[in-house]
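Lettered A, B and C in written order, each chain numbered from 1.
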Amino acid sequence: MTDRPFLEISQLTARLKGSGTPLLRSVDLAVPAGSVHGLVGESGAGKSMIGKAILGILPRSVEVATGAIRLDGTDLQSLPPAERRTRVGALTALIPQDPLTALNPSRRIGPQITDRLVDILGWDRARAVDRARQLLAEVQLPDPDRILRSYPHELSGGQRQRILIAAAFAAEPRLIIADEPTTALDVTVQKQILRLIREMQERHGTAMLFVTHDLGVVSKVCQSLSVLYAGKIVESARVEDFFRAPAHTYSRALLAASPRYTDPHGSLMPVPDEVMQAVRAEVAAFDEGRAAHV
Amino acid sequence: MQLARAFLIRLLTTLVTLFGVAVIVFFVIRVVPGNPIAMMLPPGASDADIARLKALYGFDKSIPQQFVIWLSGVLHGDFGTSITRRQPVLDLVLNRLPATIELAGMALIIATIIGGFLALTGTRLRGTKTEAAIDVGSGMALSIPDFLWGLLMILLFGVLWPVLDISGRVTPSLQLPFTTQFYLTESVLRLRFDLWRDIAGHMLMPALALAIPLSAIIGQLLKQSLKETMHLDYVTLARTKGYGENHVILREALRNAILPTLTLIGVQFTFLIGGTVIVERLFSYEGLGNMAIDAVINRDLPLIQGIVIVFALLFTLINLAVDMCYALLNPRLRHG
Amino acid sequence: MAEVTTDARGLVKRRLGLRLWLSGGWLLVLTLAAVFAPLLSPHDPLSQDLLGGRIPPMFFPGADPTYPLGTDSLGRDVLARLLYGGRIALIVALVAGLATCVIGSALGLIAGYFRGWPDMVISRLIDIWMAFPPVLFAILLIAVIGPGLTSIILAIVVIDWTRFARVVRAEAMAQGAMDYVASAQVAGRTRAGTMLAEILPNVLPTVVALLTLEMGIAVIVEAILSFVNLSISTDDPTWGGMISEGRTSVYQAWWVLVFPLVCLFLTVLSFSQLGEGLKDRFDPVLR
């Protein structure tokens, strides 16, 4: 582990163009090299938005207003677009949410794994194909050569997610953003995929930003986590500390509302109204404070 | 298995369609007033002469009888004999068909290039004023039919700035060493680029007139399809790999966007071929459509029948070809 | 970038409004000109003056002020022929457009809503019609039924009804599958009653847009038929006939071709832009 974190986000603010509705509110985040950081929140809390901001794939309607995103010390926001793109492409990778739509239906699997190695990193093709074969073996897909020749529709959802994981690790990125990588899969496959991601992450020593709404998943995969509400980080903590004693009331309520990560049959409690009101008031106060500063 | 079944059904409906076309043309033109036989003979011909000619062309039999005779002839490759030109209809049609095919083919190529360019530019610059301009421009271009584009071009490049020939397929004084009627293709194969220039120069305006509305349609459909594709997850994933906009559009989106537009373009291409009839007339281009209008004006019943059937055959074949292209390009069908 | 996006959309919208006004304006001018053609034309459209042939239009050397748009090779006044030709064009547009619309939509509605054997028959007919080159079909029909205004209108209806039938059939099928249609039937309406009360109003916006488009097409078909000398009669002033004459003498008298061509261009463009504009106005999704 180096002194400075591999990914460092400071004061990142994003908003809708035109109306100016804030989507991310002064987000601070640090992920040391080789460690896994969870991003937790309800849908719409902006957890995916952070990953998209790093990768440079924010929707056209969203703009980054202020803040810095540092990868290995370099602020991405200050780079010219083409350079930012290739740098992000070389250093990071995405494991997408839905394996059924994340592979191009008209291209064979092989080139979809190797294209980044050849085009962005400049490997020669034979070496890239060897690498793809090796990765497919690592993600426990039998008969890699057949798979490299296949089209996506010839493979199952679980197989495709394994391929996407292999593709993400192929270029030895320093940071992987996993955007709810198991939500689209059925429960039995979910567990296998989760285990696979953790194994791969440990073997390759890759830092990871793990976006999920499932605290149970966080407890299994992550070393640290941040809880988001309305684009604002309400709490960041080490995983052991968080599950022992969450600091924020919203975190506590969220933990209570989750299917018990230790006991899947435990009872479910909705987040109480007063907690919601409190956290909303906090966000509103934050917005006012900002407005007063500006 | 399922594909074979679908193909068989397709073939059967195609045959029904062709039969329907044959029936309609046959009976419609039998109602044509004016006796085609009388027009063939010098004034003062005897009734016996008329009767003999009528028997020769089969006009002495009842209309259903004539139809059966004609149909069995067609099935044996005999389309009858032209009244005005006194040659087998099949020979006449085969002689002119290459000219029309080359014209339509050139128009399709031009339309695909322009339409593809508009769609790609519009997608690349989506949300800008350039895209808005492309939308407005192609909306107008497609509402003006080929006939008017042809006239406009005659004025522009034939009269105002006379750089192109406005009539014919080739300059009549040229010696043509060709063995087929595919002049443009053969001039390239024989490396006679002097002739190619002349033939292409004659073909350019009618081809453009046909191509402009189609290019606007292709541009609009393809751009719409591209825009929808650009939002899909695999395109976003490609962006995260470090690829730029051009690469993402061309390699990830284009191929998937072409598929849904392909069938529509097939139908539009048959419209284009239908348009060759009047455009060939406009430019005195010696193709099938021009001969068809002459045949109607001269009441040349066997020739009209033959030409209409050939057009119908062409249209149905194109639709069939488009469906096969679709199956070939779509990996789901190819391996399904 | 957001500013540009909204800007571009606003631009399209403003253009749409402008296009609607411009096309409506031209069609109004055309209608007025056609109605008052006898008052506006300085000359009779048919009277020939072989000595005064091919007089160029205003502002060109050799122009005659009483012939503002010049004369053709037979010495007939281009302006007068243009005005009277506009009458024929508008009549064809209105009558042929409406007739095609009513017949085609009715067949499409029946096929799409009742399905079964009516759909079989109508769909097969549409297939057969799609295998005809339309222009050749029209020319053939005129040759059969003889020239004249009625023949042209009839020919347009016969060749173009499929345009409406295809679209309306598809729409009626889609609408027929929706819940509100089923509930109307449960409520005790007859099949035909449901079709007229529930389906028809929903396909109407599409039909109206197609109708304006069809009017433009009717004008073109009339011009094409006059161009191949199969329209009304060779003497009657039609834009297509003028274009036909202008095409042969384009090197000697360009104006005989240019003026009717400009009128045809503007009219066809106006009808189609009007249709686009109306479609956007009517379309609740776009609005």
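FYI, a contact is a pair of C-beta atoms (placed from the backbone, for glycine too) under 8 Å apart; a residue touches a chain by one contact, two chains touch by 3 or more.
No experiment lies behind these values; they were computed from the predicted model shown.
**Q** Just grab the chain with the largest centre-to-centre distance to chain A, centres being mean Cα coordinates.
**A** That would be chain C.
**Q** Pick the chain whose C-alpha centre of mass, unweighted, sits closest to the average of all protein C-alpha coordinates shown.
**A** B
**Q** Return the distance between the CA-based centres of chain A and chain B, expressed in whole Å.
**A** Measuring from centre to centre gives 53 Å for this pair.
**Q** Could you work out how far the Cα centre of chain A sits from that of chain C, in whole Å?
**A** Once rounded, the distance between the two centres reads 57 Å.
**Q** Approximately how many whole Å separate the CA-defined centres of chain B and chain C?
**A** Each chain reduced to its C-alpha mean, chain B and chain C end up 23 Å apart.
**Q** Would you mind listing the residues of chain B that make contact with two or more other chains?
**A** Residues 127.
**Q** Could you list the positions in chain A whose residues touch two or more of the other chains?
**A** 60
**Q** Show the residues in chain C shared as contacts by 2 or more other chains, in ascending order.
**A** 1, 5, in rising order.
**Q** What residues of chain B sit close enough to touch chain A in their complex?
**A** Where chain B meets chain A, its residues are 127, 232-234, 236-244, 247, 252, 255-256, 259, 329-332, 335.
**Q** In the complex, go through chain C and note every residue touching chain B.
**A** That would be residues 1, 4-5, 7-8, 11-12, 15, 124-125, 127-128, 130-136, 139-141, 143-144, 146, 213, 216-217, 220, 223-224, 227-230, 243, 247, 250-251, 254, 257-258, 261, 264-265, 268-269, 272-273, 276 of chain C.
**Q** Enumerate the contact residues on chain B facing chain C in the complex.
**A** Spelled out, the residues of chain B in touch with chain C are 13, 16-18, 20-21, 24-25, 28-29, 31-33, 127-129, 131-132, 135-136, 139-140, 143-145, 147-148, 151-152, 154-155, 158-159, 166, 267, 270, 273-278, 281-282, 289, 292-293, 296-297, 299, 304, 307-308, 311-312, 315-316.
**Q** Show me the residue ranges of chain A that touch chain B in the complex, using the header's touch definition.
**A** 55-57, 60, 82, 85-90, 92-94, 96-98, 101-107, 115-116, 119-120, 151, 153-154, 164
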